[in-house]
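Chains: A, B, C and D, in written order; residue numbering restarts at 1 for each.
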Amino acid sequence: MSSVCDIHDLEQLARRRVPKMFFDYADSGSWSESTYRANETDFDLIKLRQRVAVDMTNRSLKTTLVGQEASMPVALAPVGLTGMQHADGEILAARAAAEWGVPFTLSTMSICSIEAVAEATGKPFWFQLYVMRDRGFINALIDRAKAAGCSALVVTLDLQVLGQRHKDVRNGLSAPPKFTPKHVWQMATRPGWCLGMLGTKNRTFGNIVGHAKGVDDLGSLSAWTAEQFDPTLNWKDIEWIKERWGGPVILKGILDTEDARLAVETGADAIIVSNHGGRQLDGAPSSISVLPEIVDAVGDKIEVMMDGGIRSGQDVLKALCLGARGVMIGRAFVYGLGAMGQPGVKLALDIIGKELDTTMALCGERQVTDLSRMNLYHSSQDQRG
Amino acid sequence: MSSVCDIHDLEQLARRRVPKMFFDYADSGSWSESTYRANETDFDLIKLRQRVAVDMTNRSLKTTLVGQEASMPVALAPVGLTGMQHADGEILAARAAAEWGVPFTLSTMSICSIEAVAEATGKPFWFQLYVMRDRGFINALIDRAKAAGCSALVVTLDLQVLGQRHKDVRNGLSAPPKFTPKHVWQMATRPGWCLGMLGTKNRTFGNIVGHAKGVDDLGSLSAWTAEQFDPTLNWKDIEWIKERWGGPVILKGILDTEDARLAVETGADAIIVSNHGGRQLDGAPSSISVLPEIVDAVGDKIEVMMDGGIRSGQDVLKALCLGARGVMIGRAFVYGLGAMGQPGVKLALDIIGKELDTTMALCGERQVTDLSRMNLYHSSQDQRG
Amino acid sequence: MSSVCDIHDLEQLARRRVPKMFFDYADSGSWSESTYRANETDFDLIKLRQRVAVDMTNRSLKTTLVGQEASMPVALAPVGLTGMQHADGEILAARAAAEWGVPFTLSTMSICSIEAVAEATGKPFWFQLYVMRDRGFINALIDRAKAAGCSALVVTLDLQVLGQRHKDVRNGLSAPPKFTPKHVWQMATRPGWCLGMLGTKNRTFGNIVGHAKGVDDLGSLSAWTAEQFDPTLNWKDIEWIKERWGGPVILKGILDTEDARLAVETGADAIIVSNHGGRQLDGAPSSISVLPEIVDAVGDKIEVMMDGGIRSGQDVLKALCLGARGVMIGRAFVYGLGAMGQPGVKLALDIIGKELDTTMALCGERQVTDLSRMNLYHSSQDQRG
Amino acid sequence: MSSVCDIHDLEQLARRRVPKMFFDYADSGSWSESTYRANETDFDLIKLRQRVAVDMTNRSLKTTLVGQEASMPVALAPVGLTGMQHADGEILAARAAAEWGVPFTLSTMSICSIEAVAEATGKPFWFQLYVMRDRGFINALIDRAKAAGCSALVVTLDLQVLGQRHKDVRNGLSAPPKFTPKHVWQMATRPGWCLGMLGTKNRTFGNIVGHAKGVDDLGSLSAWTAEQFDPTLNWKDIEWIKERWGGPVILKGILDTEDARLAVETGADAIIVSNHGGRQLDGAPSSISVLPEIVDAVGDKIEVMMDGGIRSGQDVLKALCLGARGVMIGRAFVYGLGAMGQPGVKLALDIIGKELDTTMALCGERQVTDLSRMNLYHSSQDQRG
């Protein structure tokens, strides 16, 4: 553990501990994965301004996200199947987030249910909502999240149709799932993971099975899911969701300035610039590359967060400099979870927090909320352009 | 077959089933293959605009090409030696195209003859014409295509002299062909392919041997072909071809705005922006990179199609956004054919169709004919430039 | 030795002679090492103007640095732990520099003490100062450097907080250091190095142990160091340092035009454009890429030197053309030292000097001080831009 | 031989037939070889305009170079040690060039002497002159070239000091040469080459040994050469050389527009844009990248040729389109020579000639002298820029 220097080290550890089909599920993008890769590599194009001889004492990473205090401007993104990366995955991740003082977001497609996470964590968390055809089920989900004390609702907009992820197809993880000898082998070679799974009851989609109409087992689940993502979802749906929910609403999956303007009109509290981690529209630009123009368009009217490609505190800092109020990390915490459970999620947050803090200091800043485009380097040649 | 996710998977299967000399024939460009590669890689430079919260129901890929209905804006390109990728290759591909409702184009240099394809398919297809020195033979070809009920004539303009393909030279596939122990070995290791060939009579150039003057066997064919591509071909030839044919004429091989304007003056019905799949002028720009300026020049006067580098529905969509009425796929269907015959061609079309449909939805569009440059992403920095 | 053509050859030799933990210490950057790599690769983007038919006799590399004569515009950079690359490393490097007639800079974090180097060399050298929390210790260091006849004080500004170098963490070289069987093995396989170490008394930080309050051994050193880099360091500190020192002051670690202007106001004699060899702010631009704008901002008011990425005389020449008065080489001489001790440092200087001289001639110049941006090539297209 | 498709195939054959030290001598650039590589790769950045439906009969590659007829606009460049690539190398190459109808240029540093080549070939060739300190020797060389009927004098300007080629240093081929067991081994494994060498008397520098003062054997040669390249060479020297010679003078090694203008003033007949094949100023731009601006500066006053990086007829065509009157090929013919002697040089010319002819046709041109920038493709976006 002393040799874990960065998130990529956690990724390697997770690869060795999590059955291939579930590791691949996290570690994949749609089709050619070009957007998935650009999410990471486009951060490398952004350069930082080094400043020196500035008193760097009393630094702080504290901020607020939709009015709620956070120890740093980082939230845990909703990730489907988190509970398959490690037994009770959502619970462990939520606990680590609470320990650090940053928001955890529970996915609709989680293994542990809203109620299980709420009970085990004892702290408020955010709930992510997929809008499905069965509006009764959606209403019930919203009510359950409210009852569980969730502090914000993250509505995902970019999954009306499903982008194809080749790795999932090859691993038989597309709907309906097929269980083959290959899977037995993948699990048999990961005894630690299996042992954990034997010790928990959280082994299927906790928010859906037994809650959605007619979904009682894995078979009915896969049939139900395959046709539930709702292609008719549109801006008007946000209104009734917002009204039923009553609390802070965050719209996730905005990648276009036009959509950002429409999102503002819904009265939402924040948007998340996102391409679903490169898992939906392959060929879309990276999140970080579109962030500045979206901030320019609506940054004064709504909180703008982003996700996609964050693997270090330097990445977080670059997003903040470009106007993000905060970022969401998905794979970064999932690798930590797969590698070593709750302490792994905490370690991922420790790594990113320390990188962010040191990098901020070397940029000559002391308050994370003071970061701006002035902290980025543009060559004098670029500035002429 | 369930693990075939994309066209590249079909390519790998074809590589294992088709004798090397014929697989290489399809999988090659001229000289350094720089244009061949650019045809594919230049698609990656084009970014798509993701839109969300748009009602995406009732989507349609239907369009018309030279006035004829097509289930999607994709036609099968004329590919020489298609019948060597799989026994009766042209017949199988034509059947799959008819099944899908998209045009199939038969090459002059096909193995199965016009008549054989017409009889076996029972549906109209397009015929591709190489203009050769023997004008009597050309006239006869036109008449045969007419008699067979072909619904469009695709005249290829970019093969007056032959670009050198090193792989063909090394495989002894240049004229005159040489049959060596290496070829025996290549075929012996592909028993499925051989068995198919034994079961068909279509084993030489069906449109030429026995039809062109003095061409009765492989020996006379190779002598005849080597000197038949006509370097004097010019725009005036299009006039008499058009007149003799009487139906829709499509000019293939336009890569320059000047030539596009001259093509319009011939009264042709469509042009195909093409560099012959990177098999002729190595060093020419990719097809997709010149498409926009050609559309700007003549797009309001003639239907503009394109080919070269299409390996996915995302590629199709990008070409359509840049103004193409439709695209031609060559290697994409040939890989499917080599991999598994008629079902493989259908699978290639299924893959591309599904990719096109899902991608269109994620771009927030419902009608393939509504796609435009507005669906492409340009960073605000580019727009300033 | 006759086959050593360039600095990279010396690097390979050093890799085989120096225990991995110490070789890695030199051969590393912080976090993803992107700035570390850019320091080298950005030199490749600069093109030289070849001139011919110019009388190239009587060439000279001589110049002055902070008013002191130098045989060429190259100084040896301060490098921590130099004495771990080779026994008595600082002494050997200082002797080679004196032999060549170029400045050697002793690091605060050196193994051999100021006094030991002064005694063994008998020539003035530069002393590099880290500003630490214990101001009494700093005052003592300044006084010791003065007493030892040091001819310039290089104050490092970019190490108020420490960038993380993964290789050091993995090698257990971060504070507090851990000594493990891996280290025993690394040393046992480098017998020449070990033999040298047994023959010297210089085996710990000579300027600190026994000099700083309460630092008597390695244990107390590591505890002391970990908290000594001073985050409060600011421009006002330069004033009292300058006053106490009384001689030429060089400020190291400037990477921003704003900081360059502030540095001028301190009355310093020179600045060194530097990102600490890519070891601090990962994501900062390369030194060579920011040099021109800093020269434009303050080049007429102060001597501007640079370091970072220099591996050849061509690199030196490019920096001079862009306005540097001189450059510092770090790894380039450290590789020579690790490879073969004092003769290796001399060989590194010989290589760079000869490369610089020949390259200058091929650019049509005879005096190193005449080099300017006119000796760089910009395509006519760039000039239009 | 039938499988030799391009110049790279000849390169591979030569690598297997020529002792490493001599193959490496040809296949190397100075220092990091960045300019050597850019010479080739920069050609890939240039795109060609494909034109169709143009009558392409009656094509011709014929041109004149300094007023002399040439079957194609290609000359064989002066290459030192050509006679070490193959026994009697200069004679064989000169014969192949004469057979093809293109100029051959004999290097001052050739193995076969001026007289030996003249006698064996019976056709005029060009002579390349290195200006050395011993002006009496230079005068004698000029007189000998005149007496041998040489038809043009190529004066090399870019070798006043020598760029370092690491491969030569490592192979012991730098002055003075060292003969080691490694060399015996390199030759023993190339029996065909050795047999040839045993059958010829041309085994040392034919123009120098026995002709220059005091140079009687290899020992005195190496001592003499090492100090003979003249750093004082300047434009005034061209005047007396031109006067003594009396015939066409071509200045080789121009890479800068300023130098091109100065070259015009000397009254020379042609210049060759060259960076000595990337063997001198590493870091200089590629030849092809500076060609256009030099043509713009002096193209109307003097014939502009170029060399460096030509490996195909496509490369030749690109240089011609950018304004070169002709090109010189060095390595391209040397590989052919090393691979198979005189027929190999002829094959290299055949390959390049055929590539040039076919490519010209596909660009819609019939006369090599009609090629212009109009035959190059610039995207409409570039044109806006």
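In this section, a contact is a pair of C-beta atoms (placed from the backbone, for glycine too) under 8 Å apart; a residue touches a chain by one contact, two chains touch by 3 or more.
The structure displayed is predicted, hence computed values, not measured ones.
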Same-residue or different-residue interface between chain A and chain C, half as cut-off: different
Most remote chain, CA-based centroid, reference being chain C: B
Where chain A and chain D are represented by their mean Cα positions, the distance between them in whole Å: 61
Length of the line joining the C-alpha centres of chain A and chain B, rounded to whole Å: 43
Pairwise chain contacts, counting only pairs that touch as defined: A-B, A-C, B-D, C-D
Contacting residues of chain A [partner chain B, same complex]: 31-32, 34, 157-158, 160-164, 166, 169-170, 231-235, 237-238, 253-256, 258-259, 262, 275, 280-285, 289-290, 292-293, 296
Chain B-facing residues of chain D, complex: 2-3, 5-6, 44, 46-57, 312, 314, 318, 354-355, 358-359, 361-363, 377, 379-380, 385
